[in-house]
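Read through the structures below before going on.
Look at the two complexes coming up: chain A is in both, with chain B in one and chain C in the other.
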Partner chain A sequence: MVKQLGFVLDVNRCLGCGACAKACQNRNQLAPSLVRRKIRKIEKFSKDHIEMFYLSTACNHCGNPECLRVCPSGAYAKRRDGIVLHLSEKCTGCKSCVASCPFGAPLINPQTNKASKCQLCYERLDRGMPPFCVQACLTGALRLKELKDIPDNKLLRLTAPAPSLRLTRPSVFYKPPRATKVSGFLFPK
Partner chain B sequence: MKFHQSICPRNCYDTCSIISTTHKGVLISVEGNPHHEYTSGKLCPKALDDVKKVYSPQRIRYPMRQRGRYSGFWERISWDEALTLIAEKILSLKETYGSSLPLALNKYSGNFGVLHNAMEGLFTGIGATTRTVGSPCWSAGVEAQTYDFGTFFCSDPLDMAKANLIWLWGVNPAWTAVHQMPIIFDAIDGGAKVVCFDTHFSATAARAHRYVQVRPGTDGLLALGFAKVLLEENLIDSNLSSYTLGHEEFFHYLENEISLDNCSEITGVSISTIRELALEYGKTHPACIWAGFGLQRYTNGGQTLRAIDALGALAGHLGEQGGGVQYAQFQTWRFSGAIQNPAHPFNISSNTDHPSIDSLTQNQKQTDRLLNINRFSEEALSCTDPPVKILWISGRNPLSQDGNLQQWKKLINQLDLIVVNDLFHSKSSEAADLFLPITTHYEHWDLNAGYWHYWVGVNEPAILPIGESRSDIQIAWDVSSKLNELEPGSCIFPTSGDEKETLLRELGPQMLDILGLKKPEEILKAPVRANFPSTAWENRIFATPSGRYEFFSSQASNARLSPLPIFVPPLNPSIDAPLRLLTPHHYSTINSQVYASGADNSDYVLHLAPELAQRHNLAVGDRAQIWNKSGLLEVVIQPLLGISADTVIIFQEQVEANSPLNCLIGTPLTDMGQLILGAPGFALNETFVNLRKL
Partner chain C sequence: MGDWEWPLILFTVLGQIAIGIIVMLWWLDRDRDHLDTQLFKQGVYVSGGLLILALLASLFHLGHPEVAYRALAHLGSSWLSREILLFLLTFLAWINLFWLSRRQTSSHPIGADAATITTAEIAAEGQQSGNRSLGLGITSVLGLLGIASSAMIYVLPRVPAWNNVGPVLFFLLTTGLLGALVTLVLGRKLLHPTQKKLLLQCSLGCTIASLLFYVIYASMLSASMEGATSLNFLLSSPLFWARALLGWFAPLLLLVSMLKNSQVAKTNLILTLTLFSVLGEVLGRALFYLSATGIQITALF
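The block that comes next holds the complex of A and B.
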């Protein structure tokens, strides 16, 4: 049976602390410009509520990966567990994937001039260990799950609000954020 | 691959147990210890950069001498040259003044490992010297809780998971105590409600159900307002008379002196919100308050903590599993003190009621000259007989963190020798003559206790010292050795030793009892949790003179403070400096200790209310100046949610700015701290500035 592993982020547990991104950077020994995981802060206000949460994002290991579709040299593969792998030995550094990924996941490694992206720590997964980012998460907000097991109504696709972005079927889901009730001060206009 | 037990030694709630991995003598990774119930296998982003920090190219690897202070002309010298220079200077000053008092040590919490107290031991070994007393951090709160509870103690932080209501008051664990957040989330998953009280909408507030903005320095009044509602609504614990002292007097104070109108006006919290929250707090059990350190960094800080304690007591939340008023503890710090007392290594008063992280305040020799750490430069300058001539700065960066920099400049001019031992250059080393490179906790033995959780453990060296760096205790042995070589008998601190043996001697009978160990060596296996009950004051038997919770404290009265918790207003801004400046911790640093390889920003970021920004015609990214009579700082503007328009905030980030943030800071002191820590604390949040667009 074909699986699809994906990241599920409980934004109500995410502190935006960046331990996931730092663990990815340090443990994969990435050059400073190769940022595979980023933290985005989202703020929304209503009359008496603030919704402030963080999105920890990396390669979405799409169900329908654009990088794989556009790569002229076959340097991308999708494993049976859903991981989208970049095969460095086949990569010519043509940057087609860099230009086409709607999420900006592949980046050019300045040392090799080839593309580079999150491989979901597949070598660790194959040994039964979690990816570095998930292992580092202090609150259990970031998890790796078999997506087919999760009921659809529990999840949001905040990462791909525009319909065109959903075409690639990113394998990343977020639990809906809970707003904080506030009182006693004015909001910016 | 080899695995080693490490402990993060920074001044932080979490004091994490770390498993460090080495390969062929090289540190390759650090991870949280999964068998430590608080660290729980995870590390904060600061510690995740430890490998980079250990091998950082910026790290100082050799003893250095600066040709001309502030010149930046540093030259490498040998350890023997450095030690000779220090020892000769000490001996010649002793000769000149007939006293060792010209020798001053300024040390605090750069590394909280017990072996770092060797610096105090060295100074004691030399004779009567000039020392710091007190703490720049938590003094007022420590003393307040001692008046109320009799000693300074909190529940095991895991106890918070059992709460049905959690009030996070002036604390931002999402940035400064990340390991507490999963415990709070577990409580939420179990149905608990979380309310966050702060001066601004923090990362913690964003994860709470409710955020209440409190005007800075008025939290004590808000607590008294809540208490008044509890009294009016008869939501007070019916058993108060069995375990508290002076509740009638406190009721009388609430009835006569506290009005909700006034409370609402001053705190900025509406009466309906005060009522609603008070009712919820009075009716929900268990309910826990976590009071942060920032709350007490005001001239009324001790009273604020006492008022919050009293609120918890009134509602019957003290001693309740998952309840209480939590601040911190130092009951797990009852080390023998053998290191800092070289003259009497086996004669330590281990039954003291107030063991202290600030080892100086315990077992302090009467003859030492004690200066308040928060007014060090002023008090050192006022010492004339004899003057201070040598300053040794260890585990501190006062030129980046202390107030009153003008006085510091004067003091520096008066000094013959300034020695700094550190990992990296700092604002303080810019003024130093000698820089001694020290080891990180991955390169030496140590013994560490938490001041929030109950764990104590050993830190093993994972790698050999980098470059020629030496541990603080090795440096102390070496200085003693050089002193004795030049003048036999001039220092009674040991001239050599074994780090592991020395740390084991710190576990005296009392510590072994607390840790449930038969022999000190047993702690080498793994960190140990002190065998205290998980819930502080669970039997409602307190350590006060009366054995009760004391609303009315004679000890406070004896210290010329109000016996009851009362509201004393914080300082008011002036026309010249109308905005209160707060400088809380940033998630990426602990004070001036930084972890990343370089600064992200070239300027401090000033956070302010959108309406205040509008008033000054300031938009995001605009440049502005803030100033007061102490100094002037250029900043970049960033609006912030949930902050009042009379307050501005600069988080203590790593910044490549020309002037340090503390150029704006004076030395206001807190109302409490003298009795327990020997000096009042630092009322850092009583800093005021003016603002103009550039």
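The block that comes next holds the complex of A and C.
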């Protein structure tokens, strides 16, 4: 049966500790320039509220991946569980995927001169184990789930301002951040 | 911002000159007996040399040039696969042109004594020019499709500066402009004045169209944040102004003065004009890659 696995991040639980990114880097033995998972600090200020949270992002294993569409050598494949795989043995290092991915997921590995991206630790998943990043998360903020089982109205889907980019249908969802009310002390009226 | 993509700059510009020459030869050959045999041979040799250089340059863009053949594996959805297939087919069509050029005997100059030409010679020449025209036509169509595929590679939703009709339009205009000018250089002693004038008019048309479309394209860029970043980069770069001077303003002045004063036969002016235009297009292509700013997702929307 066709599934779509995807990351679900509860940004209210995420501490921004970077354990997920470090685990990915260390356990996959990646070169320092090859960062497959990034942590970004997001700050949004409005008149009454402040939103501040950390966003842990990697390849979104899109439903309709741009990398798979543009790759001339067929080095990308989508598994029946939704994981977008990069097949290194077919890659020519043409950088088409690097230029086309709106999420900046594929990068060129300087050691192999080929593209490289998050493979969602598919070999571990096949053995019933979680991906390194999910295993390393201290608070359980980052999880891997079958997306069809999740009610959409409870989550935000990572998307982009351009409608054409939304068509990639990234398989990453976020629990919306709780806004903190601004106190009179910080912002006197 | 992008990088200096020299292999891609050389591949696209040299490939477009090569195909532009073939297109111009086809255009000049539309009345069959008006294309000088010597010019046909020169044009085929130069376009072939440029096409080979372009294809070699393209290999240096790959991380693994030795497995470049694998890039043909995804014709269903990848414009890069389609581009490579079409360029290889263009090269095969060029080999046919090369073979035809080796077999081609010299054409009779206009005004030759009709009594000295036998009926058999006329029939053989008719056959030759028919094959030549067909060969040029097939190579031109394949080459133009290859160039359109090249441009489609860059029509990416992620890069607003590229995600429009601009790449296709500018790649085809470069083909027309540089193809016409290099053909003019090759045929400066072989072309009729009317043919030279036609090539100059074609160059002028392409230069004006390029400038006008660039103004429209630049105004479109400011619609998005990433597009505006590309535009700011372009306008603040000295390279852009060098491109504008060499690729638009200087050629426009030269072309208008050459067409007005009927100085179409002046070799030095033709060479200067071609040099300016080639440099302008190379800088323009470099800026095309340098100014590309991709959308990066930075927050939840």
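Everything below uses one rule, namely that the second predicted complex is superposed on the first by the 175 of 189 C-alpha atoms of A that agree within 3 Å, B and C clash if a C-alpha of one lies under 4 Å from a C-alpha of the other, contacts with A are read in each partner's own complex, and residues count from 1 in each chain.
By definition in this document, a contact is a pair of C-beta atoms (placed from the backbone, for glycine too) under 8 Å apart; a residue touches a chain by one contact, two chains touch by 3 or more.
For clarity, every value in this text was computed on a predicted model and none was experimentally measured.
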Which of chain B and chain C A:L15 touches, first, second, both or neither: first
Superposition-derived comparison: chain B or chain C, residues of chain A touched: C
Partner chain(s) touched by A:I42 [first = chain B, second = chain C, both, neither]: second
Chain A residues within the chain C interface of the complex: 40, 42, 44, 55, 57, 66, 68-74, 90-96, 99-104, 108, 112-114, 156, 158-162, 164-165, 167, 174, 176-177
Residue numbers on chain B that touch chain A, as the complex places them: 29, 31, 41-45, 48-49, 51-52, 174-175, 178-179, 181-182, 185, 188, 196, 201, 203, 205-213, 268-270, 273, 587, 609-611, 639, 641-644
For the chain C and chain A complex, residues of the former touching the latter: 61-64, 67-68, 70-74, 77-81, 84, 153, 156-160, 163, 224, 292, 294-301
Interface residues, chain A side, partner chain B - complex: 12-13, 15-19, 22-23, 26-27, 43, 45, 50, 52-53, 135-140, 178, 180-189
